[in-house]
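Please go over the structures that come below.
Heads up, the next two complexes both have subunit A, just with different partners, subunit B and then subunit C.
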Partner chain A sequence: MATAEVLRFSPFGPGNSLRSYSATRSASPLRVVEKEMLRSTANSQYLRRVQRLEVLIEQTKLLSQIGANWDSYGAEAPNITSITSAVNFLITGKLDLLPIRAIQSAEGGVALSFAAGEKRALLEFLNSGTVDLMLYDNLGNLSPEFSESDDIEKVVSAIHFHLTR
Partner chain B sequence: MSSDTLHFEKAPIVEAVIAIDLEEMLGADCLGALRELGEQLNTSYPTIEEIRMGEFEFGLGTQPKQVETQIGYFFKSSDGKQIIHARRNGFGFSRLAPYQDWETFTAEARRTWTMYRKVIGPVKLRRWTVRYINKLSWPAGEPMEKYLRVYPYIPEDLPQELGSCFMRLQVPLGSPQGLLTQQLVALPPEQPGKVAFLLDNEFAFSPIGLSDAILWEQIDLAREIKNRFFVNSITDKMKEAFS
Partner chain C sequence: MPPQHTLHSAEVARFGQDESLYRRYLASHFLEGVLEPSAIRFNEPPSFLRSAFSEPQDALHPDCAEGKPTSQFGVLKMLASAVEHQERALDGSLFDFSNVHRPLPTCYAHSEVHCVSESDPNRQHVDPPKHVKNAFRLRIARALSIAISAP
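Showing the complex of A and B:
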């Protein structure tokens, strides 16, 4: 009974009867669901972010398929330590700004690159377990706050300060 | 505590949205008017991003072609917590965490909607929505019913562990007539030993025949409705976590 009531209800459609609902919607119910889901995500900044984050996490995990010497200059492939660290960093959502991409690092590990206007940041989770950070801009200026650290909180503050000041 | 003035110290709201959709997609020439709106809002919303919509065109004997159209702009506050969605087919105002209160939220939505309305000229409205997305978290392994009153029920004779969860309900609303779309979605765990879920409640109503002044009175009525659905969707145990 409850289900029939729900089906009958169509507040903004052309009619309220079950027949008119079926005539307008049943031709492609999956498309209706798909359209609703897309609209649902498009309307929400938070869900867009979650969706983008999921893509970045998948991209990072896929880096495990890269072999050694991928750049033909002898670069190491990202190992489980660097991939896990990068994925954990993304999951904990420490930064409001999401990386634009996750790629393999020539230093051996995973690199997350950030951009805001002309400002850029490259955060590298290395296979050794340490973290490298490079802050620069599009004009080629390298910021003095270049650091190698395993204190992720400090690194996050540095990125935030560089990208937002 | 009345559901009309519900307030939690650590509100689990990750995003609140008021959106007003137009009856039709306006022509691309209205992007100029929306840019003008961006200039008016520049002091408080300095970041501008284009909103684009992708569509596939299918033809017999030809490869599908992807067409991307610009449908508007996002105007973002400098801290990124408030976002105006100025679209050719509607308006939206988002507030991300930390959420302050209904009065502050709706006042800014109404102020910016009035500015949007001025630049796009007379238009017919199709629907308006109030949406609250909440992130709820509790210790892993605890039964959902300890924290939620709306949840997927799995018969006891079957395994109780969930690999993932996406539950979507649509509930007709009486007065004013509308529709609640409620989604319960499992998130990847953010903290060890905890599970996290999104409880996403979107209340949609028809604005047909309403003047702008009445429209905002109606939006104010949604406050009690969204509070009632939220407090009744969670248990007292869950409320303790953010009180």
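Showing the complex of A and C:
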């Protein structure tokens, strides 16, 4: 629906809330507008998410340009194993919450940082091929709840549970 | 002025209560003003400089950086006492973290953080279990603050 059409339609007259109008006149033009707005919002959220995911994947791939000893204390550069694992995780992880960023880890590998409020999660794809997950908060409390797992769905569930509970 | 070199000085085992430790860092490892644990490694003893024998800027001097360029780094600091800690593994075993003075020929202030299992009579440094290691990384990341800002 065109913007002009949306603006022309003004349902909020005296005593005429959005809810009551929708309930009593379900086939009204407002219903069409609502649906269109919801679809449009969902579409833009989806697009934003896709764009953010693309940025994260690109960030992760760029970590291949980092050299050895990047921290000056002998840290390994992320290798093809850790970078591929991290990219695959981003593509196939079905993440409700996307990482904030991808960065090289001093342990040797790729670190994905998640945050929600005071909660933090650090998912490290190490050069050895192992995956390490730290669930913690800004006060420095480390959650012992997650045990090692190669099951990507369990990792995603643990991150989601920690960040949203 | 270059950092103090080793010369013939011996190790000084005791760290002062108010003594600080210094370490180089990259700005990219800060997220929303907080240092991320991904900046800290423990697959071998992490290195620091002791404030008893150095200044923060010594951490950026090639003599204390194996001759490598350090222009992209800043310097973090924390109290040495923040290291002295005992962590319990998920199986209940205990691990002690402590500062050890390890002078280098061109950097007398160099020290390391060692981890020993409480059950080891020889007190040798070990790579601790994952939970213990991560607890250490997180605690150290929270204890460190900026002494010299990275560019």
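In this section, the second predicted complex is superposed on the first by the 117 of 165 C-alpha atoms of A that agree within 3 Å, B and C clash if a C-alpha of one lies under 4 Å from a C-alpha of the other, contacts with A are read in each partner's own complex, and residues count from 1 in each chain.
Heads up, the rule we're going with is that a residue touches a chain if its C-beta (ideal position, glycine included) is under 8 Å from a C-beta of that chain, and two chains touch if they have at least 3 such contacts.
All of these numbers come straight from a predicted model, not from anything done at the bench.
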Is A:69 touching the first partner subunit B, the second partner subunit C, both, or neither of them?
second
Classify the contacts of A:122 with the two partner chains as first (subunit B alone), second (subunit C alone), both, or neither.
second
Quick check for you: in the superposed arrangement, does A:50 touch first (subunit B), second (subunit C), both or neither?
first
Quick check for you: in the superposed arrangement, does A:134 touch first (subunit B), second (subunit C), both or neither?
second
For A:106, decide between first (touching subunit B), second (touching subunit C), both and neither.
second
Which holds for A:153: it touches subunit B only (first), subunit C only (second), both, or neither?
neither
Of the two partners subunit B and subunit C, which one touches more residues belonging to subunit A?
C
Would you check which partner chain A:142 touches, where first means subunit B only, second means subunit C only, and both and neither mean what they say?
second
After overlaying the two complexes on chain A, where does the subunit B footprint on subunit A coincide with the subunit C footprint?
none
Can you list the residues on subunit C that touch subunit A in the complex?
24-26, 28-29, 31-32, 34, 36-44, 46-47, 65-66, 68, 70, 73, 90, 130-131, 134-135, 137-139, 142
Where on subunit A does subunit B make contact in their complex?
5-6, 9, 11-12, 36, 40, 43-47, 50, 54, 57, 91-93, 96-97
In the complex, subunit B residues that touch subunit A:
14-15, 17, 19, 74, 80, 83, 85, 92, 94, 96, 126-127, 129, 131, 133, 170-172, 177-179, 181, 183, 187-191, 200, 202, 204-206
Spell out the part of subunit A that touches subunit C in their complex, as residue ranges.
69-75, 100-101, 103-108, 111, 113, 115, 122, 124, 132, 134, 136, 138, 140, 142, 144, 148
